[in-house]
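Mind having a look at this structure? Questions to follow.
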Amino acid sequence: MRCSLTPSNRAVSYPFVHRIRTRFAETDAMGVIHHGAYPTYLEEARVAMLRDSDQSHDEIREAGLDFAVIELFVRYRKPLRFDELVDVSVTLGGLTRATFQVAYLLQVAEETRATAVTVHAVIDRAGKGVRLPAWLSDLVGRTPPITGTPSRH
Amino acid sequence: MRCSLTPSNRAVSYPFVHRIRTRFAETDAMGVIHHGAYPTYLEEARVAMLRDSDQSHDEIREAGLDFAVIELFVRYRKPLRFDELVDVSVTLGGLTRATFQVAYLLQVAEETRATAVTVHAVIDRAGKGVRLPAWLSDLVGRTPPITGTPSRH
Amino acid sequence: MRCSLTPSNRAVSYPFVHRIRTRFAETDAMGVIHHGAYPTYLEEARVAMLRDSDQSHDEIREAGLDFAVIELFVRYRKPLRFDELVDVSVTLGGLTRATFQVAYLLQVAEETRATAVTVHAVIDRAGKGVRLPAWLSDLVGRTPPITGTPSRH
Amino acid sequence: MRCSLTPSNRAVSYPFVHRIRTRFAETDAMGVIHHGAYPTYLEEARVAMLRDSDQSHDEIREAGLDFAVIELFVRYRKPLRFDELVDVSVTLGGLTRATFQVAYLLQVAEETRATAVTVHAVIDRAGKGVRLPAWLSDLVGRTPPITGTPSRH
């Protein structure tokens, strides 16, 4: 398991936040957001972070690169409900030569609902792993470290 | 509106049937299958019909063709519930030079839950409309006509 | 088929518009937004319209009512792509004693990508059809009629 | 992190297997099955295992219980593609007083594509954690242990 980041429970530890409103289509018969909807929320927030960093998903793909998800970890603490506004905090970390990790904190009105980590490999058009592009390492350099939080995991 | 087929309410009017079990992920907070899940059921049944006719979706795409959905109509009569086995009856019809239609009947234990029609354009890799391939017209020729049902629409 | 509204192709004909950014999870192997994602876009825009009218989905459900989708029609004109900003224009119409219709126009940078109509029944907790609530009829009264557009359907 | 099972890479280590065919709707613009579709595959296989053990999801809910997902871990090794038949092997393990774990192996024609673990809490109608029902512990007793595999994680 490569997944090594411990997501902080404090939003201030994250350099980027993206707000998502939950959809009715994402609820299930238990009356809450289905756990399978969360990977899509993480992806939307991750894409928003890249867009914000002047590296859109489109540009990355035009460069012949893609960020394949190779691991996903979600910890569901309290359910999300329909029509809630979810603040998805995002940070990069855990870089290796060819992989990077993203940690997430999902909160509604400052109450933590979930945390998550995704691990990504940079791949070329043939699906082969390649070196991380320089701008990605730079991006991590610019983000505050995730530290100092007495982890409640 | 091109959508002109009237789906029969009698399963025997359809040359092909495909069974799907509903998923928990497809339910919503009303406790039933979300209406947005139905297009996926229709597609799964349509793909199964093509596979059964010896024309897999992959072969079609290898030939540089695709069947874009250009219209979708669903009539929801009674809700589908979690873990139900849905018999999706399918038939082709309404061919023009570059489009065809598919009609659907969704039943659980012979009780009608929904009917639907999709309209498709045959397009090439550039997204341009092209003539229907001969095997598709042949396929329609082999299916019984959808007639004789006093439509309850 | 109850579905009788003809969605206008002109955004100005609609009293309400809601912007959605397409998600990567909603793309398919043809490289465009999968047709099955559209019902969710329509729902998100419909819910936003109700929220804007001071009648949130939650309040409606607390009143013991729900708006079941009984018909869905979508016309796909040009594909939507990943990361596009879609303006979903929405209007109410076609009221009967127990049903109402919603018409939709989906545009990206003023270019029409799709139009749609949904038909809804107002149902109580037992799933029985009930009279439209007064505020809903009032809401329609307040919206400009969809007229005067030489329909290009 | 409660997630402690290490999924075996050998199908014979699992007491139950469920076959799923991937859907076109589940592909993404990279031409493979979107990573967000996997939690739904895991759930379908888990529900099939319960059904097979004579404990259907419906009965569980009628008993006022639900199995909330509290953690999800997926390791994506090789992509799944459209129309592939995925054998999802499933086993229970890691029981505590109020939680249990499920490990998964996803293979296509005996080639491993992914492994996964979900952690579940048994909750009552009010969402409170309760003791595992006896039949669930019995079910685990009947499954072969996941051991002896030189883990390639």
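Order of writing sets the chain letters: A, B, C and D. Residues in each chain are counted from 1.
Methods note: a contact is a pair of C-beta atoms (placed from the backbone, for glycine too) under 8 Å apart; a residue touches a chain by one contact, two chains touch by 3 or more.
Because the structure is predicted, anything quoted here is derived from the model rather than measured.
Seen from the Cα centre of subunit A, the chain whose own Cα centre is farthest off is B. Set side by side, A-C and C-D show the greater C-beta contact count at A-C. Note on chain placement: the centre of subunit C and the centre of subunit D lie 37 Å apart, centres being C-alpha means. Computed centre separation for the pair subunit A/subunit C is 31 angstrom, with centres defined by C-alpha atoms.
In subunit C, the residues that touch at least two other chains are 24-25, 36, 39-40, 43, 82. Within the complex formed with subunit B, the subunit D residues making contact are 21, 23-25, 39-40, 43-44, 47, 51, 56-58, 82-83. Here subunit D touches subunit A in the complex through residues 1, 3, 30, 35-36, 38-40, 43, 66, 68-77, 79, 127, 153, going by the rule given at the top. Considering their complex, residues 24-25, 27-29, 31-32, 34, 36, 82 of subunit B touch subunit A.
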